[in-house]
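The two complexes that follow have chain A in common; it is paired with chain B in the first and with chain C in the second.
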Partner chain A sequence: MSEAVDTANDYELDLGWMDRTGPWNTQASQGKNGLTLADIQIGEYGDPPVESDNQTGRPRGAASRDSTYRIGAYAVRSKSEIWLDNASFLYEEALQRQWSSATDVPWHTIEPLPDDVEQAECQLATFLTEVEFVAGDVPARWVSLTTPDFLEPRQVLLAQVMDESRHMDVFRKRALANGGGLMQATGATSGFVGSIDLSRDFTEMSSRLHVSGEGAVLTLFRMGELMAQNEAEKVIYRLCAQDEARHVAFGVMHMRYMSEAAPERREEIHCYLDEAEGGLIGAANPVGQLTPTSESMAIILGGGKENFDDGMNKIIAIRQRQLREYKKRVVSAGFGDRFESGRSKVDEMIERAAA
Partner chain B sequence: MSRFPSVDWFDEVRAVFNADDSYRGAGGGTCNCTAGMKIGDDIFVLTFEGIECSRAVVADEAALDDVDFYLDMPRGDWLEMVKNIAANGSADLHHTLNTLDLDREDGLATSHHGDQYREDLFFRYNQTLQFFFNASARIKSEYA
Partner chain C sequence: MSESSAKESPAEKAEAPKFQPKYNWMNKTRSWGMRALPGKAGLKLGDLNMGIYGEIPMHWDDQSRNPRGAVPRRGMPPVGYAIRDKGGLWADCAADLYEEAIQRRWAPATDVPWDSIEPLPDDVEHAVCQVCTELTQYANVDIETITGWQHQMSYGYHEVKQYLATATFDAARHYECFRKRALVNGGGLGLEGPGQVNRMILESRGGWTEAVVYLFLVRGVFTMTLYRYLGRYAHNDAERFIYGHALADKARHVTYALDHLKFALAHVEDQQLVTATLLAIGDNGLARDLRDPVLKEALAIIFGGGIDGARQQGMEVYHALMRDYVDTHLAYCRWLDIPRNPAALPPPLNEYVDAPADV
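On to the complex of A and B.
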């Protein structure tokens, strides 16, 4: 005789959960690029609320539970605060264009460099590791503050955190790969770059981080590709620039959406841009004022300390380009009136850089 | 063997590019843009959709109004770039698209519309564009 307890009559299956569903009979179809996030934005599942009251972590479209306690202190619950029209597109792009700092960079092509050039490379790598630390931390914090109803921009920000993590490690690897090492911390994280984390509003953060900060770093990465001493550095900077351009696109498209959806906030956003533009000439911008970082870039661009002036001339030309590109991005985001009214000082900065 | 620049040449490069999975990793992958190529007086428009370059057509100056960005160099500079790629198997340090863009006073990538969001696609898809032109090292070319 079995000693197992007979529970067959004690419990009955409760299949009530089967009746509690989101919209049913949903059948998403994949497109040319596979089953993308855009392909599942269908019916109610694809319809984020203008204002979200979701404080429980309930996935958008899922059936709600009674008596669920609040788990998220979601500060971002208005769609206009974080939305952009192409978030699902940017997310898929981010996923599909990932790369590995371990295996996609031809590290074997790095060869010994003159001491001054290697030190300059290491100084730049130190600076970029610092900067990317901020660029990863800040969006991560805002993800946790955003209601799950706005999952598409959240997903893009999560992908950005992965990108920035890779940037942090790839520049650390570069510093340690060729007989040098990390140099003295530049303090960038306590200047304009660090102040990004003081933003009290997502759009304030995005205008500082994505449009101004990452726009400047995008130029820096492109310049890094230009001044690369070997194929490994070419690849590092080119791939980082791609990632950065995607982050910039997030910021431009969010500002564009915000401008149209909440025009009453335009003046506030102009104030953020006023502050951000101050950062474009600050010490945290390595192609701005003369800092150890801009000196190191001039040495790399010139090919050594003895050609510092040649390198600095190239930096100045690229700085003008950086400012022009920033201006055009702000115009594209819908805030070109600040240049027409003379509120922005960017045109003066461009002229000063040329003088 | 195809003559550069021509639609036949771009089609041959497309065939190599579209058939090689290695161009879809390592920072390559989905790419959606229309890119003009202004090679001296000759103009071509390439369409990138998903993981493929789906089309190459000959075009005129007006067509450049509609592309996201176009690459503009004198014919001699284009020839130098594609010959460099053919000789090295890929662009050397001085002939990558980004380096040519920053090294030239007028740049390489530009647009008629001036929308930086669309011009930024040149940066966002730079590795794919570089892979595409690097693929030209794998076809036999003659030069006009």
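On to the complex of A and C.
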């Protein structure tokens, strides 16, 4: 024992901190799904402020001390900017449904494919890797800007960063697992998708990333049974769709909350949606126009270059479905009036796609 | 209509292709024909690093989201990544840590045996809740620091970005489970911590390597030591599970830090002395936080089994913990070959130099 530390005498305890706590006698109880985040949203601990003045990063409900350094400078401090009612559920679901691209995908089921199909698979995988880069980078940045008083949505965003990391990893793995390789980057993340980076407001970002961007990708993943050449690809699309559905749900539920809590911002949100709808038929959408990604998808869906038209017809069907699903989400988020008023051109887009 | 098409029969017209693909993307690849094969632990991220796909340059010029090894597309506006030097973030172990983190995932809601928590004496419950409050804040700083840097790291080094995604997810889980522990047994959250180290970590403006020094080599090693001792003095299986698993997560964070710092010290000019200077600043920040009695007393109450035991036995264990921390921290510095003068550590850290942990 060190001579420098005097342990011979009893230490004088101050213990003043014992009287400075958050609400006491708190007893959270677990339910049939264990002790979830929702289970500890009790009393004052479950009550996030409408406006957060927390600049020290203290946990919501903890006692504050006057001397603590301010570390916050949080840009997101209004509840309406980020809140959603089912964040705890989405977070717990994300934890339960984590998967491993190394061991949960049956890689051994991948067999050599005709060269045109393998090239198409690799082109699509290259595109999806790029897209997942955005979806990981941007939510992470917003987490660092959000007060911990809104811990529940922050936890969901952290789960999303993890999910997206796995997605970029699994598509890179697919590109390199079957004798192919990565193809040319599409640069799609610098256009409409890239505008996700430029968002100056969380809801603006979420409407672009979660509702329109990831919503479009979700429709694609749900077509995995059509696109997959083997069991490994089926599993990849199925698991990615499951994750993506949570991210889309986050965006829809947040927009719904925002619409009710800050109705003065509805027109602004409509403007974001106007812009997003333009992107739904743009080059960044793999089933939007005749781009390298849509060409590669047509080869995959048709089963080879010789069936390109068949593949394109399926792409058009997917595009229609994508638009219909987008419309449903926007209605669910509380912005259905844009379809009734004729502001949105999505119905026309669906008709044009059919023609 | 051209003459030739006018001569086509109706059947020929029906067979004419409806779409005109360009196929100008086909055959655009830098490397074709290699096949990454799964090993006994599946198809791991590191397994993909073959041929050109495993070439990790010392500088990554590309400011787009071009995946490493893909053919870049010209004319893409830069996304604006600040960290484009390998020396600023790289660790050889990142890909392995990423896969390990995924394999060792756990869910606080269902994996922690919450049923095992029984009512504790009020002073001990107060102490546990106070420690959990401060550990929640530590996790918060992990979250805010790493997420503040992730998007600044370029994709030439995707293995590190991917590993750090697991590290923030670990921190999210720690944030959650310490909050849950504080609210599950008749207590509540305690008093927020003094926060000088928190601010120091978040203010690491000199680069990600600086953040790594403060976040992992100073705070991380300290937190890891706390987890070890708290696991040893846990009151029930739930706490044992939490501290044990949080310790395993934190050990990965520190492993990344040591590997990265080793790489940075070897490849970045003056990094050795810069790191030594940062550590001197970091020690002072930690020392100031440690002079605050709250965490020390709460830990002593846990280690001593109550207020009465805290004054003697609890404090002895606390001192052992501190000796362990200083010992481990200095051992890591020696392994990294960072010049340190233990005698120059600020009080109270200097009181624990060269003293073996005997508890």
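As a working rule, the second predicted complex is superposed on the first by the 342 of 355 C-alpha atoms of A that agree within 3 Å, B and C clash if a C-alpha of one lies under 4 Å from a C-alpha of the other, contacts with A are read in each partner's own complex, and residues count from 1 in each chain.
Basically, contacts are C-beta pairs under 8 Å (C-beta built on N, C-alpha and C of every residue); 3 or more make two chains touch, one makes a residue touch a chain.
If you're wondering where the values come from, they're calculated on a predicted model, not measured in any experiment.
Model built by superposing both complexes on chain A: chain B and chain C fit together without a clash.
Contacts of A:Asn33 after superposition: both chain B and chain C are touched. Looking at the shared chain after the overlay, A:Val331 reaches chain B, while chain C stays out of its contact range.
After overlaying the two complexes on the shared chain, residue contacts for A:Leu226 are found with chain B alone; chain C is out of touch. Using the contact criterion defined above for the overlaid structures, shared-chain residue A:Ser101 touches chain C, although it does not reach chain B.
Legend: residue contacts after superposition of the two complexes on their common chain; A:Glu92 is shown touching both chain B and chain C. Of the two partner chains placed by the overlay, only chain C lies in contact with A:Met18; chain B stays clear of it. When both complexes are overlaid on chain A, the residue A:Leu218 reaches chain B alone and has no touch with chain C.
Of the two partners chain B and chain C, it is C that touches the larger number of chain A residues.
After overlaying the two complexes on the shared chain, residue contacts for A:Val248 are found with chain B alone; chain C is out of touch. After superposing the two complexes on their shared chain, the closest approach between C-alpha atoms of chain B and chain C is 11 Å.
In the superposition on chain A, the residues of chain A contacted by chain B and by chain C overlap at 33, 92, 96, 98, 100.
On chain C, the positions that touch chain A within their shared complex are 17-38, 41-45, 48, 50, 53, 64-67, 69-73, 75-77, 79, 98-99, 102-103, 105, 107-110, 112, 114-115, 123, 126, 129-130, 133, 136-137, 140-141, 143-148, 150-151, 155, 158, 161-162, 165-166, 168-169, 171-173, 175-176, 179-180, 182-196, 198-199, 202, 293-294, 297-298, 300, 307, 310-312, 315-316, 319, 323, 350-356, 358. Put simply, chain A touches chain C in their complex at residues 1-2, 4-5, 7, 10-15, 17-18, 20-28, 30, 33-37, 40, 42, 45, 56-59, 61-65, 67-71, 91-92, 95-96, 98, 100-103, 105, 107-108, 116, 119, 122-123, 126, 129-130, 133-134, 136-138, 140-141, 143-144, 148, 151, 154-155, 158-159, 161-162, 164-166, 168-169, 172-173, 176-187, 189-190, 194, 197, 290, 292, 295-296, 298, 305, 308-309, 312. Within the complex, the chain B residues that touch chain A are 24-30, 32, 49-51, 93, 96, 98-99, 101-103, 107, 114-117, 119-121, 123-127, 130. Interface residues of chain A, counted against chain B in their complex, comprise 32-33, 89, 92-93, 96-100, 104, 218, 222-223, 225-226, 228-231, 234-235, 238-239, 241-242, 244-246, 248-249, 252-253, 318, 321, 325, 328-329, 331-333.
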